[in-house]
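Take a look at the structures listed below.
One chain, chain A, appears in both complexes that follow, with chain B as partner in the first and chain C in the second.
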Partner chain A sequence: MQRLLFVIPVVLFLGLAAYFGLALTRDPSTLPSALIDKPAPAFALAGLGTKPPLARDDFAGQVVLVNFFASWCVPCRAEHPILMRMAEQEKLTLYGIAYKDRPEDAQRFLTQLGDPYSRIGVDQSGRVGIDFGVYGVPETYVIDKAGNIRLRHVGPLTASDLQNEILPLLKQLGRS
Partner chain B sequence: MTRALSFFILIAALTFGAMGPGFAVEPNERLADPALEARARGISDHLRCLVCQNETIDDSHADLAHDLRVLVRERLTAGDSDSQTIAFITARYGDFVLLKPPVKGATLVLWYGPLAILLIGAVGTVVWFRRRKMTGVEEPAPLTDVERSRLKQMMTEGES
Partner chain C sequence: MIAEIGHYALVLALFLAILQSTLPLIGAARRNYGWMAVGQSTALVQFALVALAFAALMNSYITSDFSVLNVAENSHSAKPLLYKISGVWGNHEGSMLLWVLILSLFGAAVAWFGGNLPAELRARVLAVQGMIGTGFYLFILLTSNPFTRLVPAPMDGRGLNPILQDPGLAIHPPFLYLGYVGFSVAFSFAVAALIEGKVDAAWARWVRPWTLAAWCALTIGIALGSWWAYYTLGWGGWWFWDPVENASFMPWLVGTALIHSAIVVEKRDALKSWTILLAIVTFSLSLVGTFLVRSGVLTSVHAFAVDPARGTFILLLLLIVIGGSLTLYAIRAPALKGGGLFQPISREGALVLNNLLLSTAAATVFLGTLYPLFLDAIGGAKVSVGYPFFNATFVPLMIPLVAAVAAGPMLAWKRGDLLAALQRLKFAFLAAFVVVLITFYIQWGGPVLAVLGVGLAMWLFMGVLAEYSDRIKLFRAPFGDSWRRAIHLPRSTYGMSIAHLGLAVSVAGIAAAAWQSERIETVRPGDNIELAGFSIHFDGIEQLQGSNYTSARGTFTVTKDGSAIAVMRPERRFFPLQNMPTSNTAIHTTLLSDLYLALNDGDAPGNWTLRAYYKPLVPWIWIGAGIMALGGLLSLSDRRWRVGVAARRARRAPAEAVAKA
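On to the complex of A and B.
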């Protein structure tokens, strides 16, 4: 009994140390989404240039990727080749939302780097971004057939994110 | 002397004036109604700016902080209560947006953990002291006759 009393603080300390040690390996700038497994917020945005507008109901019943980007966002340029690869090689349906960007700037960005998106909504006020809980572009969301958000990826997508995170999830969700 | 003093007061006023809260709230964001504006300030003082993470949206110059300040004011103007406004934000950004985490299942350890550890320590200390009192401080056995006579002998030897 008496020995136990001395062991408890040691065990507590080791537990805390292990917890904090593990926490050190996590990236504090990547926040969990409050909307995981919840319905994607409804929105209806004007399209970019001559493209049709984009609303949530446009992709009801499909597994889709929604990518928030902006021409002023440097990491968006970094992830752009991956988005192009997703659209061209993996034949994924990508919807883009131009976040707090002027339409002409977003258009120039896509003319320069290529346009991986099936459709693009222009969210100039950033309100749709707030509804999704976006706190920094680029952010990518995976939405399932029921319209629920299944994944949020904060920051530029890398080839390994695509291989290890996005593609397995899409497969699991039954993308045709 | 008076000049030095007024200079000092000026410096102090500039320093502390600049350090005051709400440094980031821009004039065009403020509401005309002072009561609503005060409520908005109270709310945004407890909301985390997700870009800078350890600043309130009231203090932050980040673009998103500005948008959230405007959003808070919009909700209040639309007639939302303080808690409805906060719920609107947490529905989108999660509890992390609150600088003071709410008391609920997942945060019980956070709120009461330190108190629990303190109690465990206090109980342990009390038990330890009690045990020592019971076992450690026994009355020493009285001297036997042999010991007493030896002691007497030693005392007289010392005298001679």
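On to the complex of A and C.
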């Protein structure tokens, strides 16, 4: 009977090892893709400045990029030249969502650096960000004609992201 | 060429390790002394070979040889020399190389200083070390070779993660690994004892210094890591219950239990199978820690090697090392019969309580770390376990532990008198009570737990002093007599007292964290902030250019009651290569409190977000940890480790005994 006591550690360990083995087959970083190939959450936001408001239904039937940004975020500044290039040289339709930002600050940010967006929604409460599952700005989403999210890019876009990730996907989706 | 020499040396080390894990073991079983002696030479040569491999990799880093993939991925020619060197272990492959370097160092140390060990025991210990080594050499060579070449070589490297470019973090991993890997010696001793079927006082006396050395290194390593997090991450916290922090904390908790239970084995010949189990578990937790970090099972800022192939390999290694040793334990441990009997109220009883509380605490941390993972594995929700869980489970275990540390050393072996011990502690109780009253008076309405914590710290502090003055009969014998007793007390006794004092200091620092004040404000140059009686004036901001970053440095003048106290310069650095900003906090410390400023980007040009904290007693957390490690080192220098067992000392002249670190 007492011998059994000494077997407990190895039994506990084997259970643990089995569980580690199971855990190994899962990737804890796959969480971000929860909305991939699912419809983009519905939203309707007030526009920034004199621009018209932005709602999900505005881009039904098009392939679009939705970019969450904020004037207070440094990486957003870093990715900004890429966004400008996407809008001016690649002629992509970019929708911006000013995330947890005061409208006047977001406006000043764009006046300073240039405005790559066709429309901008103001998400001052961060509510739409929560629906999209935004971890932190900047984040960029590619949404297809059916309104499904096809790609989520966390962090600033770089030139190589644009070349290797965004543009090929847009081509495949038959951008309009 | 040099990288190839390193690679080749590592392959040779693997073959030596295979030799070391077989020949001495067979030799010990057949009493063939020639075969047993093989282990010593292989252990020493192995260390030389791994050192050569490590030097080769370091050379590639210092000379910025970007034809080595590992260097190209983790270094950059513009990086300061210190971070080129620390970059060697700032990545997965290099840190595994550091791991085996330290493993082979300990193996060589056992071979070198183990002259007073019985030949069989030494042969078996070295064989087990060789087996661990074999596993890790294979792991490096098969899945994480740091010497892989990159053709064509790039013009420059990708650089080290900026957050890791810090002097504190440069030396944090070596200490942590000295601790982790140092416990491998205790493990090898435990497995060797199980193979031999014999655990006695002599065994405990041999294993304790190794455990103590590893424990000291781990204490310093954890303290450095926590201090680094405090001053770099910029939100004033010093412990986050992050899975990787927990991974280093669990071996520390069980290792602490081990150094205490080994005392019982040494002095009283009891708790044998429990001590063996602790030795196995301590090193196993170090390995599990490695597994958690390296496999990508847990995502965390620390997890710089996320690779399932490596994870599978490490899991296999864990199965063999931990599963094997625990199976051996299940077979052999029941035969280990304890000698000394004792009453529940006794020194042994107090040490058992210490062990119970520490192991339960380790189990709590273990559950808190793995529960989210477990839930995910059975298809549940993704959750994270944080402060609330640990505050509710870990802290209640620590309160009785700290309270008991004061009383434990007062109890006699075998059968103690708790009432008498408590009577001798009446001054400590009085002091704690006064401190609690004063704290209540100053901080009425504050957190009760923190007041209790400060009282406990005082109780422990005074308790240790009471125990010490008791030992030297202070005020009860003539002063000269006390002085003589103080001089003749063994260093290990001083080590214990000092380590316990360190614990008291840390507990006070942790408890006082509850009284911090903080302000997070958007500021512009010229603004003024009031915090805990300090007036912080934002003088201005200047742009600076570092070797591999640009920086915005703020200047803040701190005054209190109209007189200037300090000029503080927190920085916001931006590393263009990695496109990553870091905060360089400014800390003004008086050792009694810290004033802590961190600068963040503001919401508009010209605006800055300032996090200002006033933290009373916070430096004591790390000072206490330093004192604890100092106590351990002092105990390590005790003469009795260097001379052989008592029985053998009688037979031999002390001069013959081999020096032992």
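Keep in mind that, in the parts below, the second predicted complex is superposed on the first by the 144 of 176 C-alpha atoms of A that agree within 3 Å, B and C clash if a C-alpha of one lies under 4 Å from a C-alpha of the other, contacts with A are read in each partner's own complex, and residues count from 1 in each chain.
Keep this in mind: a contact is a pair of C-beta atoms (placed from the backbone, for glycine too) under 8 Å apart; a residue touches a chain by one contact, two chains touch by 3 or more.
In this text the structure is predicted, and so the values were computed from the model without any measurement.
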First, second, both or neither for A:Val7, with chain B first and chain C second: second
Which of chain B and chain C A:Asn67 touches, first, second, both or neither: neither
Contacts of A:Pro156 with chain B and chain C, given as first, second, both or neither: second
Which of chain B and chain C A:Ala78 touches, first, second, both or neither: second
Touching partner for A:Gly133 - first (chain B), second (chain C), both, neither: first
Partner, of chain C and chain B, that touches more residues belonging to chain A: C
Partner chain in contact with A:Leu35 - chain B first, chain C second, else both or neither: first
First (chain B), second (chain C), both or neither touched by A:Ser118: neither
Contacts of A:Gln107 with chain B and chain C, given as first, second, both or neither: neither
Residues of chain A contacting chain B in one complex and chain C in the other: 2, 6, 9, 28-29, 31
Residue numbers on chain A that touch chain C, as the complex places them: 2-3, 6-7, 9-10, 13-14, 17, 19-29, 31, 71-75, 78, 101-102, 105, 108, 112, 156, 158
Chain B residues within the chain A interface of the complex: 50-51, 53, 63-64, 67-68, 71, 90-96, 117, 120-121, 124, 127-128, 131
Residues of chain A defined as touching chain B within the complex: 2, 5-6, 8-9, 12, 28-29, 31-35, 41, 100, 125-127, 130-133, 135-136
Touching residues (chain side chain C, partner chain A) in the complex: 273, 277, 280-281, 284, 291, 295-299, 306, 308, 311-312, 315, 318-319, 322-323, 326-327, 329-330, 333-334, 373-374, 376-377, 382, 574, 579, 581, 601-605
